[in-house]
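Handing you this structure, nothing more for now.
Chain naming follows the written order as A, B, C and D, and within any one chain the residues start at number 1.
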Amino acid sequence: MNTSMQRRVDVQENEIARYERMVEIREVEEQVFELFAAGEVRGTTHLCQGQEALAVGLASILRPTDTVLATYRGHGIALALGLTPEVVLGEVMGKAIGCCGGVGGSMHMCDMSLGLLPTSTIVGAGIPIAAGTALAFQTQGVDNVGVSVFGDGTTNIGAFHEGLNLASIWKLPVVFICDNNVYGEYSRIEVTTPIEDLHMRAESYKMPHFALDGMDVEAVRKGVKEAVERARSGGGPTLIEAKTYRFAGHSRADQGLYRPEGELEEWRKRDPIKVTEDSLVARGVLTLENIASIKSDMKRIIQEVIATCNAAPEPALAAMFENIWTPPKALQA
Amino acid sequence: MNTSMQRRVDVQENEIARYERMVEIREVEEQVFELFAAGEVRGTTHLCQGQEALAVGLASILRPTDTVLATYRGHGIALALGLTPEVVLGEVMGKAIGCCGGVGGSMHMCDMSLGLLPTSTIVGAGIPIAAGTALAFQTQGVDNVGVSVFGDGTTNIGAFHEGLNLASIWKLPVVFICDNNVYGEYSRIEVTTPIEDLHMRAESYKMPHFALDGMDVEAVRKGVKEAVERARSGGGPTLIEAKTYRFAGHSRADQGLYRPEGELEEWRKRDPIKVTEDSLVARGVLTLENIASIKSDMKRIIQEVIATCNAAPEPALAAMFENIWTPPKALQA
Amino acid sequence: MAVMRVRQAISTALADEMRADSSVMIFGEDVAAAEGPFKTSEGLLTEFGPLRVRDTPISEMAFTGAAVGAAIMGMKPVVEIMFMEFLGVALDQLVTEAAKMRYLSNGTLSVPMVVRASSGAGVGFGSQHSQTLVNWVAATPGLKVVCPSDAQSAYSLIRAAIQDPDPVMVLEPRALYAERGEVDTGLKIEIGAARLLRRGSAITVVTLGQMVNICRSAIEASGIDAELIDLATIVPWDRQAVLESVKKTGRLVVVEEAPESGGWGSEIVATVTAQLFNQLKGAPFRITTPDVPVPFNGALEARFIPTAEDIARQLAHAIKTGENPKTWWSLEGLK
Amino acid sequence: MAVMRVRQAISTALADEMRADSSVMIFGEDVAAAEGPFKTSEGLLTEFGPLRVRDTPISEMAFTGAAVGAAIMGMKPVVEIMFMEFLGVALDQLVTEAAKMRYLSNGTLSVPMVVRASSGAGVGFGSQHSQTLVNWVAATPGLKVVCPSDAQSAYSLIRAAIQDPDPVMVLEPRALYAERGEVDTGLKIEIGAARLLRRGSAITVVTLGQMVNICRSAIEASGIDAELIDLATIVPWDRQAVLESVKKTGRLVVVEEAPESGGWGSEIVATVTAQLFNQLKGAPFRITTPDVPVPFNGALEARFIPTAEDIARQLAHAIKTGENPKTWWSLEGLK
């Protein structure tokens, strides 16, 4: 088993591994922030601090043959599904070792062997695509499941509506997960959306739906498991709303100045890493010392990965001409 | 007051005029069918027999300064709003006297002076446009109302979802009317749509909504009035579902062979023209003789209009180069 | 060899591919129970059943996107966009998702999907249901675009499109659906290969879709010894075939059912000019539609599409004078 | 004359139009409270209030459509499509509705709306956020398309676009937002008028957007006496200015930030060739990006966009040999 598949098995089997993965995601995101701030990486980036429990909880339930359509805010889900910090950070840094060979960048994570289809940067685009993967599974008669993870603001775009309706009418084995992190870019959800409980929109499609606590990895696991099992056993799609919070700005440039005073601090009390830590410690699974060393180890590891990525080669110029299409036979001749 | 404005006033003020207009719409549609069947008109057409009460009821409530965005199935609404049979049939027949000068065709009705914006042939397109007219009214501080009329199948397209959400969050003075005629092309609504009461979808936007009997012009008037008054007085948008039935095929080529046996006959018992007739006769407003002569007069009138249209000139070749844009000054020089 | 209508050639190609490959499936609005608004999927639901032949809600974005996902996971979906204009509510999925997915997966996946759309003018559907709109899908690295001109090429190109490992857009000239032609089901037309339909030495006429027959009429009526090339594939177009022909004839005209501004033919003219400048006997030129929305009225629509008469006039003028012929609308002072 | 960044020139143009005409309003994602993701609507909410300056939900189809309706009913809406690619979920409203409404109303209405979109490569946003995509909006009778190249043209073209009675698409090169330049707020640039930026006699260089500065560098570095034309408006492009220049120089190159296949420059080449064939000293040609998705990696993206060095090489080659220069990627054996 290769490293990334082993990483996947770890989060599936082991709650300490899940905790460690959440710590890893947090550390990667913090370091990505630093790299951008220092001007060492170009373009833009969308971080997911505060949303680690959803990523890891989801990955711990899905099989590698299930598919995940995530977004530009995809480092956490990529790491959770098993991609290594090297291929994630390598891609963010545009290196040949990146999961997309360095031509994709921060917004484009992918590993087909782990079920991570290319993340899309177009709001809502992954929803019909995930339904399409489920359509393949249904037609092929296999019991894999498609998953689309998207934000709160995305529930206002046409593809959300059309995708959920299609999935419902065809009873596709797909799970739609709305990661309600309270903001779409700089807009609080209530500025753009007249209802509060976004999962209620599933009523328009006669689709089962519920909310869950996205800050608690166990709550995520429970909810996702229910929906995935329904899908796998022919019960059709589900809309889950995971209530989370985006600790960082929307993207590179954003300092989050629009937040109401105290909101961030209030949500930080339910930091998903803290929530898990508390539970692990309370149940005696880990000690405070364990936790401290997990965190300091992780800092070191990620620094090493960054050093590796820094030293890694740029993609060859030829890379930009590859993987575009299969030239038609008429042209090959 | 010109003829078409007078026609509008008539349906606003007079229930006999409303009845006559419904008869007119029916007769126009029957004759359009014949013209196409005889190969005298080219292209395609979408008829609205069975949906006359909605058209006339709506027109009788709206002011000419209100806006209506209708669809390819637009002859009935056009006639109801006041367009004359000449300009409607002239357009269907591609003549210069047509409301669009003959370059539009059956699917493109328009009369800005009566509030009928160009009908769109793209499913759902009128929904955001109607919201946009309402946005203009709201920003200008005038109490006009925008209306979008669309079909049942249209509630599955992205523009429906986005348009209703936008209208709700901005509290726009707009009324959305879903003319649920049971079919979208050749597909019964339940084949494409998991819920039965389409107006329930308004819940996703915290928008008031209700169904009404689209075969009864008085029920239409009552419902539309409620929604229009809400919009006019700053109460925001409403979604109305008018339950109707499409007596004809979807378009020119369609014979409706997919209908369950007896369905058409069942709905014909509630033919909107018959429903109104019954009421007018029961209340002594019209006698059966009156009705017979209204109908035979209408047949004659429409035959005369067709003769006029047949004799009318084709648009000049230059017509296809006109009304495209205002050439930029740099080009005019 | 059977004679069939273009719409039957399409149904037959779909059926033959579905028989040959169980991963082929089709979906779209009214393609299953009703067998297609243009009867281009006749018999498919009956033969292949409701798992592989599906009616969709009116939601082009959803079902085009579903094709992307299904293609990635091993199916070969063929979706139908009833009129090319409707891609305007779903373009994202084809050009921003499907066409870039191979690139964005570092080459670890492919998207073998086909999007079929009826396109073009000629049957009185008016300005929002009659355009060709090649421009929407051009300039999209990763996407192939083909356009049949008769029953044979409809059959062969649909099969080639389905067999192709990448997304392929098929623009089907709506006006041809009822046209009959011979179909050899064993004949392959590769994507990227033009069809040389008539040899000639006076001028090279490059065209595609419904303009092919019209150009043929123009050539026959005028008696000009033109070489007629049906491009068949627009992206990537057959540079070799066109360049070789123009090397021989020294003259090029591209005949397009597309507006003068933004039409696809400019690229052919520009490429040929850049590569064969010194071998040209006259300026390559284009015959296009005017820059107007497609008019409904029959007489107007008939002039909108380049006519055989006008093409013949322009060919004759170009050969005789070596000069660039005027458009009919400038001759008639209409613009 | 003030020196401002391009993004400030845009904000200033919007503010000046809003002051001059109370029917001008703006909406889009995060354009109000946040003053625009690229800070192109700075100060507008504060000055003009929430009726005229509005944040929208993430729904390009809805708000572009709302602009169509509002424009018809007397407003002059300016909407922002944050990245040009997002028009792929809303194209219908601009090209199938807005652009055809005047025609479909028999000339009884107009649609004075403006759609602004950031476009182009150069800042590391990757393949779905870096294209120019002129092709999506070309071939649309009824729609005007402009593209500024500096602070002055950003200011003047935005004002002209808002004043125009028809729908206008403004493609704003994202890479230029932070660039500074002098702005004369009294200076008009008419839609359809090219800007002659440098006189020269050896070759005519036609370009637009961010390629203007790059071409200028190429010309300056190479010492070639090129005439530099900033097209500024793509539809309708300034035929007169281009033809007059090529009449003088006898040579044409169009430099595009667009793929070789489907780029807008072919039309310029084709038109000039057709009209001035006998006056040309060499084959008109294009310098484009390769037919690839925009790569993220900085070194690759820097090569993707035509560089000043490569443009200088191609200009020199064309003038010296009269032949069509090769692309860098074919010279390097990369395709």
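In this text, contacts are C-beta pairs under 8 Å (C-beta built on N, C-alpha and C of every residue); 3 or more make two chains touch, one makes a residue touch a chain.
Just so it is clear, the model here is predicted, and its values are computed rather than measured.
Engineer: If you tally contacting C-beta pairs, which comes out ahead, B-C or B-D? Let me know.
Structural biologist: Counting C-beta pairs in contact for B-D and B-C gives the edge to B-D.
Engineer: Report the chain whose CA-based centre is farthest from the CA-based centre of chain D.
Structural biologist: B
Engineer: For chain A and chain B, let me know how many angstrom lie between their CA-based centres, rounded off.
Structural biologist: 46
Engineer: Please work out the Cα centroid separation of chain C and chain D, and write it as a whole number of Å.
Structural biologist: The computed centroid separation for chain C versus chain D comes out at 29 Å.
Engineer: Cα centroid separation between chain B and chain D, in whole Å?
Structural biologist: 40
Engineer: Using mean CA coordinates as chain centres, what's the gap between chain B and chain C in Å?
Structural biologist: Chain centres of chain B and chain C, defined by C-alpha means, are spaced 35 Å apart.
Engineer: Mind pulling the chain A residues that touch 2 or more other chains?
Structural biologist: 100, 103-104, 108, 120, 122, 156-159, 161-162, 165, 169, 191-193, 324
Engineer: Scan chain C for residues touching two or more other chains and write them down.
Structural biologist: Touching at least two other chains: 56-57, 59, 61, 85, 88-89, 92, 96, 100, 103-104, 127-128, 141-142, 236, 291-293.
Engineer: So in the complex, which bits of chain A are touching chain D?
Structural biologist: Answer in residue numbers: 42-44, 94-95, 100, 102-108, 120-124, 153-154, 156-159, 184-187, 191-193, 258, 314-315, 317-321, 324.
Engineer: Please name which positions on chain A make contact with chain C in the complex.
Structural biologist: Residue positions touching the partner: 67, 69, 99-101, 103-104, 108, 110-113, 117-118, 120, 122, 125, 127-140, 146, 158-159, 161-163, 165-166, 169-170, 322-331.
Engineer: Spell out the part of chain D that touches chain C in their complex, as residue ranges.
Structural biologist: For chain D paired with chain C, touching residues are 61, 85, 88-89, 91-92, 95-96, 100, 103-104, 127-128, 133-136, 138-142, 235-236, 258-259, 261-267, 269-271, 273-275, 277-278, 280, 282-286, 291-293, 324.
Engineer: Once bound in the complex, which stretches of chain C touch chain A?
Structural biologist: Residues in contact with chain A: 25, 51-52, 54, 56-57, 59, 61-75, 77, 89, 92-93, 96-97, 100-110, 141-144, 164-166, 190-193, 233, 236, 238.
Engineer: In the complex, go through chain A and note every residue touching chain B.
Structural biologist: Its residues touching chain B are 156-162, 165, 168-169, 191-195, 200-201, 203-207.
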